[in-house]
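Going in written order, the chains are labelled A, B, C, D, E and F, and every chain counts its residues from 1.
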């Protein structure tokens, strides 16, 4: 029995609110149940120094949590003077995942930065971030095409992400905080719309997981990601 | 003529949404027109080291802006590894302003931290932060009284803040970004409900201001702050 | 009765010693009673990167305190690895105040940096810094004109600053440390020689101040600043 | 055809040299072909502050690369003043992987720190680090048991790690740098001696991988890890 | 011929001004010709954590240069966020040199911090700092004895320092900036009043120096240090 | 009697292993008894910014210790976020010492960086680093000549270094950790093959040293350095 009463293969309510803030080229509030993340996409007409003369674009991400997005207040990273290891790990993951959907040559010499800022955390902030950042990225690229800065569509796939895990011996989909904090295994999966894997990151928190358990979790993830992709498509169509 | 079409003494629409996020002891979304700030109040049962054995509480503030709360993306302070001078200036101002409303001895040996995070900026983020943080602080203190951690009300006044300035030769109330960025003088005023000043910070951006101009601006500020206080009271009553 | 025995409207002894150290383009020891600050002006033939191609100059300031300028030793900011919020606030104030007296276009593509280093603190270090930095700035600009690097005078006003406050219920001028540390209200005022305000920063430390108290303090500040300006002119004439 | 001429399922030569340096409680030079990492285990009779009163031990890891362990010199992280995201990600992975093999309650209130310093890199430094750190950890724990600081064996499993990937369309085991830098998919797998997974981290560098490709890679990883475990056992027996 | 016209064995004018600032337990302005350093001694009734329970005192030093103490402005270390290698080297040298004169057990569980801040540099700032810090240290210790916090004199020797070098082929004493910047060899010597060496730091800037040249420089240093010690004694007697 | 049983003028066993790692232009493992340092030389076709247009090369050094190269674990400098004073002091010394052997004009506009990483420490790590870095530097320069990037030999001397000290009243050569940690005086000497001094750094740890003791130590250092230079020549000839 899950704390939320959901079935093992049941997602939380997924919602994408586009144009959530007014300045960014893409701005999306993504909600996975009580987890809420503001994802913005910023287009800048320059690339990092190490891509100079490479004649291609870049997609990168930064991640942060408001100090009181969590049950007890976390110290503000800006105030402590550095980003922690978890933050770095997550923002590298978001960046890699989104780059997997973009033809960087077709993007031209510009950078799209995806900022994912968690305003309320209830488990799964990184997978919500990836899923929401995809929608913000789409809006930013639509803008580039609309203003004729881009001729060719640089997006070559849809990207979404969900967490799965083993909670009290059962494989479950889309863990909330109550489950996540006591799960035996936690796995984050990023997939594209061809049903292939972009990232698979599974960690045994309690005991190690067997190959059949891995298989079950991947099946659940696939189901969840199809639902998220459906929600992404509906949001982008509206 | 103001860019927004407002009269010189006209505030933007002010709104306080309480319980905006679920974890904090006080959580308020404050809106001054298009400026939107999440203000949370966190209660912790400890005080800073330098107050050890002082037998009193503390109220402090931190301020941040989401990277894309502004027209062009600002570098994330956590990533740059330090908070800039403007951030420090603002969070010190917020902390001082709120402490002016609290009897720190009556608060007991605990700290209330007010986090003000700007999700959309359109001028006046610091005055919106102070005004919103006051509401979050009230909610946090109500909680302490409700759970009988506090016997005596430590709040001894209401606090609100507004900006005034001289725009194209005219004194105006509650500057938005279009006005702020080209104002000749910019002044932030913090007052209490007795009509007295907690902070007055006026800066000549273009030419220096005369005593009569200062007087006009203070009169406008007083009018605006009365309206904000009315909105605070209504939000707290609902 | 003031701790120093001064009348409420009486300044401490003000002194400007020019050419205090030998390397800088302007070098002034400013003394407001026992408060002593070395103010140097450095001219560099380059501007900050963000002013590239702007065809104008820049005036900026940095502030520091020797670790034992104060009653108990303060940690050295260089050793702690960052400047505190108070330092940043003060150096931003000094920079803004001096820029208000300079035509940055007439200055040409050069930067003047005003370093204000407190060697002995007894209250009012920021107002002494502004007043002393003005004299150092004048000397640096004189040098530029003398060596024909500048044709046109870029200074278009005189700048001085003083603190005022409410001490034991009475408005007093030019607070020393004994007064400052127990004042109910503390206000720093920067004015030009036309009698107009460049900065007004008033903070209620104890109880909030009324409009008539503000008025009294501004009148005292005006009187004090006239005396400081007189001392500046005499120092520059000698 | 692999650049090294190896078969797709062929490991590089694996070697563990115990007692490589003399001060540490465990000190191992691990070699996966030309990749060489010094892994030391340090025992300290204290635990991190956040485990105070938890009555358990802790196992953690730090990772570094000598500046010229790589083809072109990397800036020294100590000199740049912070550890990069990749370093943090790797040292968090090493720590988690080893903790999965240790009963932290049985360890008592002490910390074992595993330092993995790459002196020569040729692909697979993180998997070599995990595999070598396990041997260093065993030696450190043997010492604790030998000196009767521990009564009960806190190790409850053997841990090893290997990388697998898809190189020119073929699933291959234990990628060297030439393969790693152009692989389409790169996966790091950590397993225990019961054949279960502790970590699975797969990343599509080029195109996303299908479920059958994932399966092939996991099979290869299992084979490689069995060989590494055999080498670990032989080294520990000698 | 030396740029200053001095004889090879001639010191610059040495001056120690005690009670230079009012807050510190010892405060000395030391001048070696145009080199001017404020040396303060601060007594604090605590010792560093690593001396806890060691039942002894500590003497340490910090060194800084005002940004415009030199011919061209140096970036402020507080603003750059770290102390450079040269600063660290010098402050470690000052601390070691002064500790050589103090019986740390007799000092009791307190720390004396010597802050040496260069307000004008013209070569030899580190040797002037050591020589001036000795006088400040004496004043601080006198105060401890006078207030009966110390029963027994913890100072067991006098310490002074001077630079010597080879300038245009000749060994010279007490190099000023003009000499220092083009010297072939530069040596800093710290001695006690028994004529023994506390530190000898010689560096070949141009060509390496022979044993007889080393001998000549040490003889010059001995002569200079006797003169500095005489000046220290006179200052302390006045 | 020395702890190691060596005669006062007896060096530890000295060994230079060239081509210790495969990527660097020069790579040497230097051993002074149980002290082991990896010294690599990296050639980069660029010079520091401050040498722009100077038409010369640069030689610099960085130094580090693996956390568990020592008896108890030292915190990793990369993790603490800065290099300590001792590290900076040593790497500046190594750089200066090697530059004394190189004609920087003949080197051309390139930088050679010497990384000295201590993998096992038993006293004398800085002198071993200098001696080993010289061999790595020779190999890097041989490579430049061999590939005809350099026409003219930029090395104009051989450099080696050894420590001497006073241990239990006797001058001894090449102190190991047991001696170093209780020596009364510790001196590091760098010489060239003409028998002249590049650096002499003597520090009285216990009591100050007399001129005749200094003389004895320098004689011992000269003997030791001749032996090291012989070992360097043999290693380079093999």
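Throughout what follows, contacts are C-beta pairs under 8 Å (C-beta built on N, C-alpha and C of every residue); 3 or more make two chains touch, one makes a residue touch a chain.
Only a predicted model underlies this, so the values are computations on that prediction, with no experimental measurement involved.
Peer 1: Going by the contact rule set out at the top, which chains touch both chain B and chain F?
Peer 2: Chains that touch both chain B and chain F, as defined above, do not exist here.
Peer 1: Note the shortest touch-path length, in steps, from chain A to chain F.
Peer 2: 2
Peer 1: How short can a path of touching chains from chain B to chain E be, counted in steps?
Peer 2: Tracing touching chains, the least step count from chain B to chain E comes to 2.
Peer 1: Quick one: point me to the chain whose Cα centre is farthest from that of chain D.
Peer 2: If we average the C-alpha coordinates per chain, C ends up farthest from chain D.
Peer 1: Just how far, in Å, is the C-alpha centre of chain E from the one of chain C?
Peer 2: Once rounded, the distance between the two centres reads 33 Å.
Peer 1: Whole-Å distance, chain E centre to chain F centre, using C-alpha means?
Peer 2: Distance between chain centres, rounded to whole Å: 28 Å.
Peer 1: Starting from the mean Cα coordinates of chain C and chain D, work out the distance between those two points in Å.
Peer 2: 59
Peer 1: Multi-chain contacts in chain F: which residues touch at least two other chains?
Peer 2: 81-82
Peer 1: Beginning the circuit at chain A and going via chain D, which chains come one after another?
Peer 2: Read from chain A toward chain D, the cyclic arrangement is A, D, F, E, C, B.
Peer 1: In their complex, what parts of chain F are in touch with chain E?
Peer 2: 82, 84-86, 88-89, 91-92, 96, 100, 157, 187, 191-192, 194-204, 207-211, 214, 218
Peer 1: Taking the complex as given, what residues does chain C use to touch chain E?
Peer 2: Contacts found on chain C: 21-24, 27, 34, 36, 38, 40, 42, 44, 62, 64, 66-71, 73, 76-79, 81-83, 87, 113, 115, 117, 119-121.
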